[in-house]
Amino acid sequence: MLTLPKILFAYFAVMILGLAGAAVTRRNPVHAVLLVLAMFLHMAGIYLTLGAEFLAAVQMIVYAGAILVLYLFVVFLVDLRREVQSERFVDWHSNSFLVALLLFLALAYGVGRAQVEVPDATAPAGVLHLGVELFTTYLLPFEIAGIVLLVAVVGGMALARRDRAATTAEEEVR
Amino acid sequence: MPILSVLIFFPMLAALLVLPLDKDRPERIKAVALAVAVSEFLLSLPLWSSFDKTTHLMQFVERHRWIEPWNVQYALGVDGISVLFVLLTTLLTVLCVLVSWRSVTEKPKEFFVALLFLEGTIVGVFCALDLFLFYIFWEAMLIPMFLIIGVWGGPRRLYATVKFFLYTLVGSLLMLVGIIVLYRAGGNTFDILALAENQYPIRLQLVLFWAFFAAFAVKVPMWPVHTWLPDAHTEAPTAGSVILAGILIKMGAYGFLRFSMPLFPNATRMMMEPMMILSIIGIIYGGLICISQSDIKRLIAYSSVSHMGFVTLGLFSLNTQGVEGGILQMINHGIVTGALFLAIGIVYERTHSRAIADYGGLASVMPVFAGFFMLFTLAAIGLPGTNGFVGEFLVLLGAFSSRSWAAVFAATGLIIGAWYMLWLYQRVFFNPPNPGLQGIAAINGREIVVLVPLAALILVIGFVPNLLLDYMHVSVAHLLARIPQAEPAATGPLHALAALLP
Amino acid sequence: MPLYLVLLPLAPLLSFLLTLLSGKWMGSRAHRLPILAASISLGCALAAGWDVAHGVVTDADFYTWITAGDLQVSFGFLVDQLTAAMLIVVTSISLLVHIYSVGYMQGDPSYPRFFAYLSLFTFSMLMLVLGNNFLQLFFGWEAVGLSSYLLIGFWHQKKSAADAGKKAFIVNRFGDFGLSLGIMLVFVTFGTLHYQEVFQAAPGIVGQQFTLLGLTFELPTLIALLLFCGAVGKSAMIPLHVWLPDAMEGPTPVSALIHAATMVTAGVFLVARCNPLFELSSVALNVITVVGAVTCLFAATIALVQTDIKRVVAYSTVSQLSYMFVACGVGAYSAGIFHLFTHAYFKALLFLGCGSVIHAMGGEQDVRSMGGLKKYLPITYWTFLLASLSISGAPGLAGFFSKDEILLMAYTTNIGSGRFAWFIGLVVAFITAFYSFRLFFLTFHGRFRGSTEQRDHLHESPPVMTVPLILLAVGAVTAGWLGSPEILGGHSMWDHFMAPVLGRAEAHVPHFTEWLLMGISVFAGLSGIWLAYHLYVRRPELPGQLRESFSETYRWLVNKYYVDEFYVAVLVQPAINCSRYVLSAFADATLIEGVVNGVPRLIGRASGRLRRLQSGHVQHYLAAMASGAVGLLVWLYLV
Amino acid sequence: MVPLSWYLLLAAALFAIGLYGFLTRRNMIVMFLCIELMLNGANLNLVALSHYLQDLRGQIFTFFVIAVAAAEAAIGLGIMLALFRNRRSVYSDSITSLKE
C-alpha cells in the first residue's frame, strides 16, 4: 500500500543513499563536501518524518550549516590543486568494499531478525517535552556538552594556530 | 585524633607542599623534607607510648564506609605485630632524608616528594585492615619506589627498576585474584578481621595460600624469586636501598603474618615444611653466594636473602619463639641492613666505588666510621649483645622445637654469615691501606647523627629485647591459637601439591 | 646480690666504653682507667672468693633478658667454687697483663684502642664465667671471641694479622654451631636454661632418645657432644685447633691473656660447669678423653720443630689444654680445673717472657736468630726458666702437681680410654719437657745468631714489664701447692674446695702405685730436659743431622700435618668455587635469571612477530575492527 | 506507516557507505567526512527507535551526539591543519608513524 509517508521515505532514502554513495567516490573533495551537505538536508527531512522537529532543525543548522562549512574551509586551506590530480583511493580499496558489504549484510540480517515491541501508548513528544527533559533531567550532561564544545573550540584554535616561530622559519626556507 | 590516618596522609600532603618550592634552593627543600620526616616520627611516638600491650585487639582503629556497593571500608588499625613496623618506617625515613642530604644532587625536590610519598604508602600497608585498602597501598608504594630507583639510581637503574616493578607486580596480581576469590568466599567483605572469622575449605585455603604466597614471597624475597633484590639494591640510591632493605621487604613477611597465617591456618600448617625448606635454601644459598661477590651493595643484598630466610623460617616454625623471633628479626634486619646501606652510602659519597677491590685499610683513614661498621657487621652476624643475636636465636630455637633438622641446617647460616661479613670487613677496613683512599675525609657530624640512633638501637635491643617482645606476646599468642597444632595427616610437599589438583 | 658482683664485670665494661670514647684525648695515659678497672675487678674477685670460701654461694638474676613463650632467660650471676677460682685466675692475670702492656705497647699509635679491647675482653670473660645460665655463657663465649678477633687483628694493616683474626672467629663459629644447637636441645629437653634447674633435672633424662637428622642418639650423649663441640672450637682441640697458632699474630700480651691463660680454657670451664650432664654419658666422656689425648700428642709433636718462639708456646698451650680435657674426660673435673689454674700462671709467664724477648729483639720472633740472651735479659731468663721447669713437671713446681694428678686420675679411672690417655700423657710429658727446653736453650744459651744491629739493641725490659714477670713466676711456683696430694704431706685442699661443684674423683690405688706413677712422669720430664740439653747445648750439630735423616717426618711436622692446607682444599676453596661458579654464575645468573629474563624475552619475540600486523595505516586498523564487528555479529547470530 | 525496519536498513546502509569511504579514501579530510556519515547512520537509528518506542531519550542522545560531533570536527580539522603544515600531506597512506 503506497501511502504518502512511504513515498516520502522512499524519496529521502534514495536521495540519501545516492548522495552518500556519490560523496565517497568523487575525486574532488569540494564536491564530496557539497554532496554530503545535500545529504544532510535530506537527513533532516527523514527526521521530520519521525517527528523529531528539533533535531531536524539542529541537523540543518549545526551539521549542514556549521560543521560542513568548516570542512569546506579546511579543504580549501590544504593543497587543493594537487589533490584533484592525485589518486582518490588507497591501494587496497576492493577488499574494503567487501568488508563494508559484509557489515551491511550482517546488520541487515540482524534488522530482519529483530522483533521490536512497539508500545501503543503515545508518550509525550515534541519540542516542548524535549526542552523540559533537556533542562531538568539532563541538565548536567547538557552543561557538560557545552563545556566540551568550548574546550573543543579552544583546542581547535590551539591546534590550527600557526606557530609563529615555525612559520617564519618555513617562510624563510621558501 | 585519627592518628593512623594522620600518619598516612601527613607525609603525602606535606609532599604536595614541597612541590611549589623553588627548585634552585635545594637547602630549603631539604630542610622542609627533614622537618616533615621528623614531625612524622614524633607523631608516631604516641603509638609506642599509649599502645596497650595486654590485648590482641586492633588499636587506634578507624573505620569508615567507603565504596558501598562492594562493601569496601576505609579501615585502619594496628596490633602488636604491626605497630613496630610503623615506628621503624618513620624512624628510617628520617635517616634516609639525612643521608640523602649531599648524595642527591639532581632533582632534589622530586626525590624528597617521592620519599615522603613512599613513607605514607608504607605506613598505609602496615595499618590497613581492609584487603582492598591494603592492596591499594601495596601497589601504590611501587610507584615512588620505581621512581627512586629509576631516576636517582646507578648506571643500570632502568633495568633494575623495571625488573623490580615487573617481579613484584606479577606476584601482586596473583594476590589480587586471590583477594577477589576470598571476597566471594568470605561473604562479600574485604574486612580482614571478619574474613578471619570464617573457616574455609582446605582446598580453597591451599589455592589462596599459594596466590598470596606469590606476592609475599617475591617481596620477602624468598628463594628462588629473589633475583630482583641484588639488582634493585645495587642500583638504588642509598636512601632507596635503606627503605628497600629496611621496610619494603618486610612487607612480604608481614603479609604472611597478617593474611596467610590467620586466614588460611590449615593451609599454613600443611605448608609448614615446604616453607621451612625454602627458607633454609634461602639462608644457605644467600649466604654462600655472598662469598664470591665483588660489589659491596650486592653482597649486602644477598645477605638480605639469607637473613630474610631466617625470618620466614621463624614465622613458619609456628610456635611462639619462632614467630616472635621472626618478627624481631624483621625489625633487626631493618635496622642492621639499613645501617649497613647507610654506611656504604657514606663511603660511596667519598670514593664513588662499590667494588670491594677498591677498598682496604679504611680503618686507618676513618677509624670512627670503622667502629660503627664493626658494630653493624657484628649485629649482622648475630653476635650476642646485638639485636641480631636475639632474633636469630629465637628463630633457631623455634625451628628446633618444631623441626630439629631445620635448625641444624639453618645454623650453618651462622658460620657462612660470619665468613662473608668478616671477609668483607677485612677487605674494606683492614689489610694494607689502599693508596687510592688517602686523604678521604673522616666521618662528619651529620653522618654520625645518622648512624648513632641505629647503633644505639642495635645495642638496646640486644640487651633489652623485651622492650619489643613485650609488644608482641599477646598478639602472637592470639595468632598462633588459630593455627591447628595437630600434625595434618600428611604434610609432605608432594601431598600438598596433590591436594591442589582437582 | 652483693654489690661487688655487679661491680666485677661493670668496671671493665665502663672502662672499655670510656677508653674507646676518650682515647684520642687520653693518648699515652689511656692505660690508667683500664688498669684501675682491672684492679677493682681483682678486688671484687677476691671478695667473691672469700665469700665462697666461707660457704656463701650466690645464684641471682640481674634482670630478665629475653622472654618469649616459655623461654625466659636472664642476665644473672652464679658464684660458686668453680666460678670463684676462674674469677681469680681471670682478674689476676688480666691485671698483670694490663700492667705489662704499658711497657710492651708503649708508643703504639693505637695505644688507647689496645687497652679498650683488653677491658672488653676482661668484661666478656667475666660474663662468661659468672653466668648462671647457658645463654649468658654463650653471650660471654661469643664476646670473648669478638675481643680475641679484635686483638689478634689489632695490627690490622698487616694482612696476616687480619687473616688470623678472621680465621679465629670463623673456626670458632664451627664450634659455636654445635654449642648453640646444644643449648637449644637443653632448652627443648628441660624447658629452661638455668644451670641449677637443668642440673637438678639432668638425671631424669637418662635413657631418653632424640632423633636428629634421622639418626637416633641417647639424649644425654647428644647434649654432651653438642656442648663439647663448642669447647672444641674455643679450646682449639682437633679438628678445630687451626686458629690458635695463627692467633699469635696478635700482640704478645694478648697471647698471654687470651690464648694461654683465660679464653682458651673456657672450653674446659664449660665441660666442668656442665659436669652433671657429661656424667650421664660415658660415650661423651670417652670422646672427650680420646680427643684430648690425640690433640695432646698431635700438638706436642708439631711444637718440636717450630722455630717461631710464640708458635712453640702456642702449640704447647694446645697440648696443655688437652691435658685438661683428658682430666675432664676421665671424670676428674677438679684436676682439670686445677691444671687450668696452674697452667694459667706458668703459660702466661712463658708468653710474657717471649714478649720480653721479642721486645728486646725489636720484633724478631724466630729462635734461629736468637741465642745467648741470658746475659742481656737476666730477669727474663730466670723467670722463663722457672716457667719451663714448671711446664715440664719438675717436682715442687706448679705444673708438677696438676699434671701428676691428671695422669694419676687417667690411670685409675674406669673410663675405657683412660689408660690410653695416661700413656699418651706420659709420652707428651716427655716431649713437652724436651721442646720447652729446646726453646729455652735456643733462646738464652749458646751464641747470639742475630744481626749486629739487633745485638746493639738488646736490653732488659723496663720494670713495668719485669715486675709482672716476677709476680707470675711466684704463681708458677706456688700455685700448685694448693693442691698438693696427701702422699706428699699436703691436704688436697683444691679437691676439697671444689668438691661441692665438681664432685670428688678418688683414686683408689695403693700408695706404692701412686709413688710409682709419679716417679715415671717425673722421670719422663727430666729425661726430656736432659735430651734438650744434650742436643742443643752439648752437641748443637746433632739436630741438623736428625733433621736430615728424618726429612719426611720433619716436613710433615713443620707443615703442621698439612691440616690447614687440607681445610683449604676441602672446605674453603670448594665453598668459594661453589659460590662463584655454581651459585652465582649458574644457579642465579643462568637458571633463575634465565627464567626471569626468558619469559619476558619470549613475550618480546612473540610480540615482534605480531607487530608486523601493525602497518601504521589507520585504515588497516579500522578494517580489522570492522571485520571483527562482522565476526562478532555472526557469532551472535549463530549462538 | 513506514515499518521501523526500513529506517534501520537505511541507517545500516548509510553506516556501511561511510565505512567504505573511510576505508578507501586517501584524503584524510574526506575520511573525516565519512565518519560523519557513519555518525548520521547511528543517529538515524536512535531517532527512529525513539519514535517507535515513544521514548525521548533517543532524541536527547542524538542531540548530544551532534554536539560531540561538532567538537570532534573542530578538533579533528585542527589536527588536520597541523598535520598538513608539518607533513605537507593529508594522505593517510603517507602517515604511518603509528607503526613505531
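As written, the chain order gives the labels A, B, C and D, with residue 1 at the start of each chain.
Everything below uses one rule, namely that a contact is a pair of C-beta atoms (placed from the backbone, for glycine too) under 8 Å apart; a residue touches a chain by one contact, two chains touch by 3 or more.
Quantities reported herein were computed from a predicted structural model and do not represent experimental measurements.
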If subunit C were absent, into what connected groups would the remaining chains fall? A, D | B
Name the chain pair with more contacting C-beta pairs, choosing from B-C and C-D. B-C
Gap in Å, rounded to a whole number, between the CA centres of subunit C and subunit B: 37
Geometric centre distance via CA averages, subunit D-subunit C, whole Å: 91
Geometric centre distance via CA averages, subunit D-subunit B, whole Å: 56
Provide the C-alpha centroid distance between subunit A and subunit C, rounded to the nearest whole angstrom. 96
Listed in rising order, subunit C residues that touch 2 or more other chains are 617, 619, 623, 626
Could you list the positions in subunit D whose residues touch two or more of the other chains? 19, 23-24, 92-93
Counting only residues that touch at least two other chains, what does the list for subunit A look like? 90, 96, 99-100, 103, 107
Subunit D partner contacts - residues on subunit A that touch it in the complex: 3, 5-6, 9, 13, 16-17, 20-21, 23-25, 29, 32-33, 36, 39-40, 43, 46-47, 49-52, 54-55, 58-59, 62-63, 66-67, 70-71, 74-75, 77-79, 83, 86-91, 93, 96-97, 99-101, 103-104, 107-108, 111-112, 114, 116, 118-119, 121-125, 129-130, 133-134, 138, 141, 145, 148-149, 151-153, 155-160, 162, 166, 170
In their shared complex, at which residues does subunit C touch subunit B? 20, 64-71, 135, 138-139, 141-143, 146, 149, 153, 156-159, 161-163, 165-166, 169-170, 173-174, 176-177, 180-181, 184-185, 187-188, 210-214, 575-576, 578-580, 583-584, 587-588, 592-593, 596, 600
Where on subunit C does subunit D make contact in their complex? 614-619, 621-623, 626
Any idea which subunit D residues touch subunit C in the complex? 19, 22-24, 31, 92-93, 95-100
Can you list the subunit D residues touching subunit A in their complex? 1-2, 4-10, 12-21, 23-27, 29-30, 32-34, 36-37, 40, 43-44, 47-56, 59-60, 62-64, 66-75, 77-82, 84-85, 88, 90-93
